[in-house]
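Chain nomenclature is as follows: A, B, C and D, assigned in order of appearance, with residue numbering initiated at 1 for each chain independently.
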Amino acid sequence: MKKIKVLERILATIPLMLGVAILVFVFMRMLPGDPVDIMMGDSLATEAEMSMIRESMGLDEPFGSQLLSFLGGILKGDLGNSYMFNAPVKDVILRALPATIELALAAIVIALLLGVPIGILSAVKRNSWLDRITMGWAFLGISMPAFWLGLVLIILFGVNWGLLPTQGRLDHFVELKTITGIYTLDSILTGNLEAFKSSVRHLLLPGFTLGANLMAIVARVVRSSMIEVLEQDYVTLARAKGLVEWAVVTKHALRNALIPVITVVGLQVGVLLGGNMIVEQVFSWPGLGRLVVDAIYGRDYPLVQGAVMLYALTFVVANLIVDILYTNLNPKIEL
Amino acid sequence: MRFRYPVLLTTLVVILMVGLLVGGCGNSTEQTGADGKTLSIVIDSIPDRKAEADAIAGYLREIGVDAEVRVWEWNTLRESILAGERQVYTSDWGSATFDPYDLAVPKLKTDDRGNFSFYSNSEVDALLMQGSTGFTEEARYEAYVQAQQLIHEDAPWIFGYYKDSIEAASIKVQNWEPSMDTRINLHNVALTEGDTIVVGLRSDKILTLDPANYRDRETETVIRNIYDGLVTRTPDGEVVPELAKSWTNPEPTVYEFVLRDDVYFHNGQKMTADDVVFTFERIMAPDGIDGMPSPRLGLLGPLESVEKIDDYQVRFTLSESFPVFLQLLVHTQIVPKDYVEEVGAKGLAENPVGTGPYKYVSGRLDDQIVLERFDGYYGGSPDLKKSGKEPVKKVIFKNMPEPSTRVSALLAGEVHIIQMVPEDLAPRLEADPRVNVMTAEGTRVYGLEFNTAKEPFDDVRVRQAINYAVNWDEILTELYQGRAHRLSTAFLPSGFGYDPDLEPYSYNPEKAKELLREAGYRVND
Amino acid sequence: MTLSEGKEILRDSSRLWWQNTKDFWRRFRKHPLAVLGLVILIIYILMAIFAPFIAPHDPNKQSISNRLLPPMAFEGGTSEYPLGTDYLGRDILSRIIYGSRVSLLVGVISIAISVFVGFVLGAIAGYYRGFFDTVLSRFSELLMAFPFLIFTIFVMAILGPGFWNLIVALTFKAWVEFFRLVRGEIMSEMTKEYIEAARALGRSSKEIITLEIVPNIFHSVLVLATLRMGYMIITEASLSFLGIGVPPRIPAWGTMVADGRDYILNAWWISTLPGLAIVILVLSINLFGEGLRDVLDPRLKKD
Amino acid sequence: MLLDVKDLRVQFPSSRGLVKAVNGLTLSANKGEILGIVGESGSGKSMSLLSMLRLVPKPGEIVSGEINFNGDNLLKKSDREMRMLRGKDISMVFQDPMTTLNPVFPVGEQIREALRIHGLIKGERKWFFSDRKDRERERVLELMAEVGIPSPDLRYLEYPHQFSGGMQQRALIAIALAGEPQLLLADEPTTALDVTIQAQILELLNRINEEHGTTIILVTHDLGVAAEFTHRMVVMYAGLVLEQGPTRTLVEEPAHPYTQGLLNSIPRIEDRRKKIEAIPGTVPDLINMPPGCPFHQRCKYAKRECIGTELEMIEVDKGHQVRCILYT
């Protein structure tokens, strides 16, 4: 029975994605400024040449047919050519996507690695000084704009103490054969320890900046759900069984407490994707986020459409994964 | 629901506050216009010169001009300028030949390729022509001086300044100094520690590695370390032999070069006169670069033909006498004939083969280019100072457009040489013992060009008024720490034909207001 | 559900209002942090309203000769520019004071509009259901699929920089959250007995919504509004940081942080201080919102 | 004597003052006996049980008194020693089975965990695998059968929400039995269940007591249940024992007025004519407890002396004590 429900959910995303595609398409057409002019920036193309190019890109066709060709293209997986790079949008995005994925994953890992233990600690030691400090920090976490935190970290770690790299993904003197494009993964696959060390060091500051907000939210949610769970009868039963306290907390309590955390993290994925545009800008991280901002400026219709579609898709898929995770973590609920 | 009323109370307070705020901040922005119309302009600037544009806008606001600054990415701005849509915009132009031929002439002659201000004055055009092709030095100098006088009167630009080009290198780097044309020449550079030298360039991407298919200083830096040319230039701008052993100038329009016979390309092939002839014909042919014309044609001046005398002698014939030809020749690098005919321009660009000290290893144009020392290098030009040390094994050119990134990378030791250090950061580097900061007199003219074809800057009084309104001395001392120097027009002191007695526009707000009132605009009294 | 009980429920909600406020204040006082948040918020509001009188200098006045001065506490700083000057010699303290106007206005107005739109549509969709509800819910789901920042950048790129364009960009997405909250709340309130009591007393559905349901769910909306206001302010600052928020002439904290970006090596204060102003404001709003949540809605109470 | 509790006091600091949940409890349980602790809700019954396992929830704490189990005082034991005891020598069954089983773990696994913690089942080494896990599984299936869970192998991997209330209680009892405890504390095990299931559970506990000789302390507010299943009974009120003795004597001739009141408020099948009287008033506030008899405001025979004088337990006849001024 569960399988059909999952299928239904997946099918439900198709109309949603269609809606997103149309909305993006309409939005792009409303952008002032003609892409061909901007694209031809370099050479002094004559008016005739301009219109010839406009035809080749199908920009002069009526709005409706452009939309249809666009939607048709998506089904075939062809998102058209980017004006700025005059290469297929698919390739441009695929080249920039791994950097964004790596940053987003780093942020999630950092957020969970720091947020969950802090949440547990402050729940177990409720109203102690530790609890007040962590919750104070968590409060600060959700009140700090990412770009400011990024700059402050650059000033502290990069400029003053020179401890951590603040720009780009890898040190110059390091070569890395890329397979997936996710440098930390590639360096492990190719056994290149130095590249691994360098890519991790480059991930720390941007990862922490992007993850700080999520970490604060995770800490608060874990804390409040842990407090609720620790008062449940089954925790007293676990203690009555003779389990040592940390086993009670990590095994019995945590498993139940994490369920709401999953939904929170799932919802935050969208914020994370949006947020990384700012972080990528501040840390000049060559990812999709920065690409989208430049593409919107350069009126690069297909590239923006492709990228935003991808963001929306990951957002919807993330929600789907959250639902599936939610069910098998919490047996009571059928999908 | 027990707290309905305090909740409604708070929303009431919120609405009241909003009203006050909107009211409060509302009145501080509009200016009430009295008699005559207010001159309102938009100053367009590239990111690097935003501070300067903001400062200028500040001065203009002080005399009553409603000035606004808008920051653009250069390509997008350039396209909009050429379409005649803009009013006044930052612009800069470099000269490679220390002669107005590739600076004042293209920027101010009617409809020339660099004339973004649409400035057109037939008398000035005639004088410029006389300047660049006159027979005797005195006649050319006299013509240029008169041209400067007229240009100064017409004020097609807000005349600006030229900057010392500040470059910084780690103390580990030896036998290198910045050259006036800002090309970084690593032919004889050495390192006290380590065998890889990393250079931080100010560009965000290298255009190409084909020496005949680009016009950009940073790309030229990379190319001139991969390919050598017949002649090269010492850091202070003097032309010296490189692939050519010597040359004679039998007639004003003929140059004959004797080539070195011990030069090899990176693919082991020997360099002969055929390669030299092929290199120049490739540039001159309309379809030389895979069917497209080469953008470097302009850098050959009035060259008509290149013939091979024998395996190691070549004759260049020009259509008219052209004293600047040797300076131009520095900017053409020799390519291997057979290799290019085999792989075409695209193949050359992807896997370059030249005669230079470093051969291409790998790289991405928008990231970094990695080069390696070419063992079979003939040793380069005898007139360049040798380091006497073991040459560097590997060179990496990395694009670092953000000035603060370049500086912090140098301080962190990730980079050895960086280009274009911003004036604000220079003191910080000078204070650091691990770094040497060196300056060379810049060969680039900076200013802001008016769109003289369109209202309001078609009126010369308004243009002059704006020139009087800007306090350049304060900008140059404060924003550029005195490392930039005023120019009266578009002529460089290091170039030929500069008139030292022509005073630049002084800072005179009263005169500016007077001129604006004359032109019918309202000013602050 | 006898008639008398019905009447009793209706009468209960009209207790004397000042008694009501005193009760609210007594409970609110028990949260020191929330009170601190409120105090800071009021300081910001006063700062914004009386900016022309408080600010020592005109925020846009440039004095190139005093550029890049560090704050007073650091050597090289002067008391004339307590928090130092930026790359054009403008006084950072005055710009921060004027900048509070933009942030507060954007925060308050965008939330006010979002709440209003979200409320009306949510109420209609929640109460009347049917075709109208499905259309709106599908549309809100569609909007939810866009990450917030990308969506606002999109709209700003279309409308171009400008204060009211910014408000439109922010509200275009923000109302969705309030729509879903109000719709959800109304649906759950509908099942409660007091609705039948009101209907039994002959109240029309319009009256039921405005007099009965709205006050009850107003609490949770107000709590969400305060918490989302902080987010709005951060988003506005982010857009200004990217250079597509408020036009450069109006001093805004986001643009100030962006201005300082090229000078983080030798003038760290240009970016850090305005950013700090944002953090303190958003922190105070969140603290106030948290306190509000504890007092108004024990249901939402986290420990 | 298996368990001997002396003058146990448990207190909770709260915003309104110090709540004296257990106010000087003294009771003892002999081996193989089923001892009933009876009293209205809020009389400190459950808290007494929890303090025997030293599981008093924060911020409460055991202020004074002794809990001697097999001769040694549990309060003196270290945390580690206490843990060795819990679930092995003393185990507990809780009131609301629906919330006491962990919803995210299969029931069988939760029972196996009880075995696992104390390493009760030893497994031989087969190459490098130990078959301990399988043996534990078999033992769990036996336990499930013993407590009356039908087709245990099918239900081993099912989740708590797939079990009925009664079944969940049986699973909890299986968990308690896993360590073959000497003492089983049952905190109102049947209150949350409907009557028919209630009888089955009590029948099960009785069988365990007889077959394994496990001493059981049954806490309940239902005097009828206590009367039918326990051997001895203790009546608690406001954290204090008012009367204790063999169940038979307490039911037939209750000494303390409070016990009489409790008995009169139970409908009896035999004498249908007798009117049920409820005890007037409510349980006193545990914060400002006047010394003397806590029941005096609601007691019919209350005298002035009842307040103020600390009363001791007086032996009325063999094994039957009462704390009331009437008998001094």
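By our rule, a contact is a pair of C-beta atoms (placed from the backbone, for glycine too) under 8 Å apart; a residue touches a chain by one contact, two chains touch by 3 or more.
Please read all numbers here as calculations on a predicted model, not as lab measurements.
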item: Chain closest to the middle [Cα centroid of all protein chains]; value: A
item: Comparison of B-C and A-D (more C-beta pairs in contact); value: B-C
item: Geometric centre distance via CA averages, chain D-chain A, whole Å; value: 53
item: Rounded Å distance, chain B centre to chain C centre (Cα mean); value: 47
item: Distance between the centres, which are taken as Cα means, of chain B and chain A, whole angstrom; value: 39
item: Inter-centroid spacing, chain D versus chain B (mean Cα positions, whole Å); value: 90
item: Of all residues in chain B, the ones touching two or more other chains; value: 402, 408
item: Residues of chain A engaged with two or more neighbouring chains; value: 159, 297
item: Each pair of chains that touches, named by its two labels; value: A-B, A-C, A-D, B-C
item: Residues on chain C engaged by chain B in the complex (per definition of touch); value: 13, 15, 17-18, 20-21, 23-25, 45, 48-49, 51-52, 60-62, 64-65, 67-68, 87-89, 98, 101, 104-105, 108-109, 112, 215-216, 218-219, 222, 243, 248-250, 261-267, 295-296
item: Contacting residues of chain A [partner chain B, same complex]; value: 37-38, 40-42, 44, 158-159, 162, 165-167, 171-173, 175, 284, 297-298
item: Chain C-touching residues of chain A, taken from the complex the two chains share; value: 16-17, 19-20, 23, 27, 30-32, 126, 139-140, 142-148, 151-152, 154-155, 159, 220, 223-224, 227, 270-271, 273-275, 277-278, 281-282, 292-293, 296-297, 308, 311-312, 315-316
item: Chain A residues touching chain D - in the complex, by the definition given at the top; value: 231-234, 236-244, 252, 255-256, 329-332
item: In the complex with chain A, residue positions of chain B that touch it; value: 73, 75-76, 78-79, 82-83, 196, 198, 362, 368, 396, 398, 400, 402, 405, 408-409, 411-412, 414-415
